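So, here come the structures, one by one.
Two complexes follow with subunit A in common, the first pairing it with subunit B and the second with subunit C.
Now for the complex of A and B:
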């Protein structure tokens, strides 16, 4: 910050600090590390969705030349999991989804490992399987985890013993019965959201080395090296000081790499082969089937409104298809339970969010963490009610959208809320109130739609972050964090925050992360919490170092530290420590890098290191019975997306012509990176709205490649893709910032769905909205409901 | 096994390769140019795009013996020492990359386009990168970066001239 109070870095569009490494091929991702004589791992997968493993015969595989080890679930009897310990890295006793890893092989080459997998003989006894959350809920349904009642679970989750329910989240606010009694009209709508895949372009890759001195190193493409370290240490009883997780750059995460995934498979193999690196690569097919998927979900919303359109009561139920293991999924179900009525001021809410085990691929965190799914329902519901009430969707949102002073679903009073401003901004930019100009081609109909969304970080109320900053002898710096650069731009934003505090040019700072041995603790890089949590830790570390410099500068400059400031001098690539009242009295900041040398030759102070420790200062546990709390989450990020579509009534094709979003990031740290996140989030949302579905039949994934699972290409993007902003600072955020990485995806899909509905006069109760869906409606047939239970 | 001689980023290489190995794996694992990324190994995502005698090719669909006698450029060959190519610089200027994993593939496709057609239309740009998948950016900034590079008069990036000695295609 300059002397007249202007930011030098915050709010600028500093080019990405990792840009040069990424455009030259210098950036190393987990799969880019190859080691001499490394061994290759491969796994044998279950052909059944639910079966008992009767016998495994590995003898032929073991005899194959070049095979080192063939191991089974017997090596992994200890169950693990982030929130609910329900998962083994290899199936133990039963398989619970088609594609589950049953046997792991390691061999001298990947070809030998693959051949060995084909030689493993496994006898299964098929068990009855469950393929929908409704089936899973039924009394007498086959139990996928019969011992659920014995599993270790974080105390905020509530598995129901002897059922397939691994978490039932309950929210109660006000009195819904009273709310419905007082309502003028009551509406009920149902929706279905299918499974989708994250599709990071980098598939999961990991390498492990158990060195001959007894330390284990894992090169992993993970978003959260410390969480991976903790999970692996727990599963394999390894002390944390003997386990190192390295993950420098990640080829995108979107949640897919948030937990511990394939690392667990290679560790026993590494322990069996001290001194040899063991590597396991996921193919794209593996990635579709065996990496986390976004859980499918069925939503039912009952809404009571008064004559003017004010929502008086919401009763909703979410049934989540959590898949075979829900160690992470339970927390998504909780997040949905927290936010289930949306960013609206509603006095009476009853939400039940259920996590169900099914014999489907494993659900896990996906950008939005449940919010994209529930908002597809919430925001179409708002439009549908508005239409039935004869008021505009904008008016409906103006009446109900959160304003400062309103209370959230969980009973927290909103100190700030950008909802109404974001809405106004998008309405204006999209010119929403003016009907779309229709093209000459009569078979094409254009229309606009809007949707809002909100999200808070779903993290423990005491989630912690640390940062260290060290000054080098020449006045450059190393900034150390364990926030993971997964594409979101954290390295750049955190560098800007440190540069702002220290008044140094960002190019004087090198950020290191992605190595648990070298860098300090960070809970996880998830939840759109990094700018806020790691950002606060970095700010505190830089302030700590600055204090140290000013303490010594008092002696050197002979004035009180209140009268000393740091001044950036980009012309000379340096920063000065200046006596404010006598600016000619100044020394380079590097003077204090190793402490200060006094006139008598003695030294004082020592090397300049700043530490920052941040833990959420304002989060309180919620009441388990009703989810109410004065402050259960760090912050809410709110925004609105508008879309214009063109529907071809001959082909059923939907072309998205415009997408415009406005969010409230509190204070933008980097405008270009904010815009880039918003644009990317909109296109990812567009993919789910009109293209993407992981097609499942009897537990089998039918579309495990890019030909059959289409994600948006450059040819699919709207002509206008625009990112706008309103800024209401977050009280406890660094410089007022709050997180935006996930929220920016949330309203995209329902905005498109609402636009399509405005074009066709019909709301689809599911996504993606395919050409077949459109043609059914165009031809006057009743659209098939996919939300039926 | 096959002995192949080819040039990669101006450097002559002689390698012994398996007949059924892909160019992608040889370039990464034997030649050490890991900027060329695997994404699907089925020719669907474009992350492994390289230039073969100046033309963009999915390295995962090319067999290693086919490298013999060719001039190969990977992302590591785009910059001239410390100096980035115009296109590389424009990707940074436009924030046209996020996780960066698909970026080398886009750079190679776009380099090939601008070498062939220095002033492409927007539609020609979109077509040139339609075989490259990106999950982070939403493509807009990638298209703008390529447009800007074209408008800045990108000089043709020659495949660096070190003739591979081998040559006979099988």
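Now for the complex of A and C:
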């Protein structure tokens, strides 16, 4: 900050600090590490969605030349998991989804390992399987985890013993019965959201080395090295000081690399082969089937409104298809339970969010953490009610959208809420109230739609972050964090925050992350929490170092530290420590890098190092019975997206012509990165709205390739993409910032769905909305409901 | 693990000898864009791949009075960008340009697309419409097979294991105008869920559809209905109704049968309108 109070870095569009390394290939990803005498792991996978493993014959595989080890689930029986310990790295006794890892092979080459996998003989006895959350809920449904009641679980989750329900999240606010009694009209709508895949460019890859001195190093493409370290240490009983996780850059995560994924398979193999590196690579087919998927979900919303359209009561139920293991999925179900009625001021809410085991691929975090799914329901529901009430969707949102002073679903009073401003901004930019100009082609209809969304970080109320900043002898810095650069731009934003505090040019700061040995603790790089949590830790570390410098500067400059400031001098590539009242009295900041040398030759202070420790200061556990708490989450990020579509009634194709979003990031740290996040979020949302679906039949993924799993290409991107901002500072955020990475995707899909509905006069109860669906409506039939239970 | 021997013959006769020698164990490798996928998915397990790309003369595209000759190693992009193809067969150029991605089209060949015999082969319907003829050479010499007789079923052709398709001859019909249409979920990097070529010469029509039957297909009844008549809205309607009786699409992950039938009608209508009354 300058002397007249202006930011020097915050709000700038600083080019990515990792840009050059990534463009030139200098940046190293987990898959870039190859080691001498590396061994390769491969996995035998289950051909059945649910089966008992009767016998495994590994003898032929073991005899193959070049095979080092063949292990099964018997080798390592301990179950692990982030929130619910329900998962074995290799299936033990039963397989629970098609594609589950059953046997792991370690060999001298990848080809030998693959050949050995083909030689393993496994006898299965098929078990009745469950392929929908409704089936899973039924009394007498086959139990996928019969021993659920014995599993270790974080105390905020409620598995229901002897059922397939791994978490039942309950939210109760006010009195819904009374709310419905007082309602003028009551509406009920149902929706279905299919499984989707993250499709990161970088498929999962990991290498592990158990060195001959007894330490384990894992090179992993993970979003959260510390969480991976904790999970692996717990699973394999390794002390944390003997376990190092390295993950410098990640080739996109979107949640798929949030927890421990494939690391657990290679560690036992590494322990069997001390001194040798063991590598496991996922193919694209593996990625589709065996990495996390976004859970499928069925939603039912009952809404009571008064004559003017004010929502008096919401009763909703979410049934999540959690897949074979829900160690991470339970938390998504909780997040949905927290936010289930949306960013609206509603006095009476009853939400039941259920996580169900099925014999489907394993559900896990995906950008939005449940919010994209529930908002597809919530925001279409708002439009549908508005239409049935004869009021505009804008008016409906103006009446109900959160304002400062309103209370959230969980009973928290909103100190700030940008909802109404974001709405106004998008309505204006999209010119929503003016009907779309229709093209000459009689088969094409254009229309606009809007949707709002909100999201809070789903993290423990005491999630912690740390940062260290060190000054080098020349006045440059090393900034150490364990926030993970997964493409979102955290290295750049964190560098800007430190540069702002210290008044140094960001190119004087090098950020290091992604190594648990070298860098301090960070809970996880998830939940759109990095700018806020890691940002706070970095700010505190930089302030700590600044204090140290100012302490010594008092001696050097002979004045009190209240009268000393740091001044950035880009012309000379340096920063000065300046006596404010006598600006000619100044020294380079590097003067204090190793402490201060006094006139008598003695030293004082020592090397300049700042530490920052941040833990959520004011988040309180919620009441388990009703999810109410004065402040259960760090912040809510709110925004609105508008879309204009062109629907071709002859071919059923939906072309998205424009998308405009406005969010409230509190304070934008980097405008270019904000825009990139918003644009990426809108495109990803568009993908799920009109293209993406993991097609499952009897537990089999029918489209595990890019031919049939469609994501948007550059050619599908709308002609106009615009990202706008309103800023209401976050009280506890660094410079007022709050997270935006995930929230910006949330309203995109329902905005498109609402636009399509405005074009066709029909709301689809599912996504993606395919050309098939559109033509069904054009033919005059009601579209097939996919939300039916 | 399976080892595959790669051989790159430098003449047609050498290639034919290799095919005879390794009959049943070899696969011809041209652009490789289908072979690589089939290898990866374990659908084929050849002992030998015989790469014909180094044989001189097989990339040629020439246009003479009797028609267009496209060599078997000419890539989709080379065909799509060829001046004579663009001038005399613009719908064929468009079909080739609609295959996969730019990168795929830099390797993939039209002949490979035909030999692969997928019902939805993008470059097949223009050849069907024009009654193109494939030029084949085998141990017993050369033979010519009309493309419509070449593909017999899904991924089945009359090509013997020791034969090579050297190219295709597309007849030239003076005054022929054509329209190629590809309907797919995405505009780029996608497969057709229905594709078609409609060619008009005076009052004569040729209509070929892909992805609506086990092989690409000419709609002969519809053609007959239209031939010699003036295009009117009523006739278009009749043509649409006739067209759907001639195709037998399936439900799959890419589209439903009813959807494909709708698209068939839309393409018939749009193509006839585009070709003028």
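Observations on the structure shown:
In this text, the second predicted complex is superposed on the first by the 789 of 789 C-alpha atoms of A that agree within 3 Å, B and C clash if a C-alpha of one lies under 4 Å from a C-alpha of the other, contacts with A are read in each partner's own complex, and residues count from 1 in each chain.
In the analysis below, a residue touches a chain if its C-beta (ideal position, glycine included) is under 8 Å from a C-beta of that chain, and two chains touch if they have at least 3 such contacts.
The model shown is predicted, which means the values in this text are computed figures rather than measured ones.
More residues of subunit A are in touch with B than with the other of subunit B and subunit C. Contact with both subunit B and subunit C is seen for A:713 once the two complexes are overlaid on the shared chain.
Legend: residue contacts after superposition of the two complexes on their common chain; A:200 is shown touching subunit B, with no touch to subunit C. With both structures placed on the common chain, the touch criterion links A:702 to subunit C but leaves subunit B unconnected. Once the two complexes are overlaid on the shared chain, A:682 sits against subunit B while remaining clear of subunit C.
Judged by the touch definition given at the top, the superposed model places A:650 against subunit C, while subunit B stays out of reach.
When the shared chain is aligned, no partner comes close enough to touch A:121: not subunit B, not subunit C. When the two structures are aligned on the shared chain, A:775 is found in touch with subunit C, with no touch to subunit B. Once the two complexes are overlaid on chain A, the subunit A residues touched by subunit B in the first and by subunit C in the second are 706-707, 712-715. Those residues of subunit A lying in contact with subunit C across their complex are 111-112, 114-115, 650-652, 691, 695, 702-703, 706-708, 710, 712-716, 770-772, 775-776, 779. By the touch criterion given at the top, residues 1, 183, 185-191, 253-256, 258-259, 262-263, 266, 270 of subunit C touch subunit A in their complex. Contact residues on subunit B toward subunit A in their complex (touch as defined above): 28-29, 32-42, 44-45, 47, 74-76, 78-79, 84, 88-89, 91-93, 95, 97-104, 107, 125-127, 129-130, 132-143. Residues 13, 15-16, 18-29, 31-32, 34, 198-203, 249-254, 281, 283-284, 486-489, 672-673, 675-677, 679-684, 705-707, 711-715, 717, 721 of subunit A touch subunit B in their complex.
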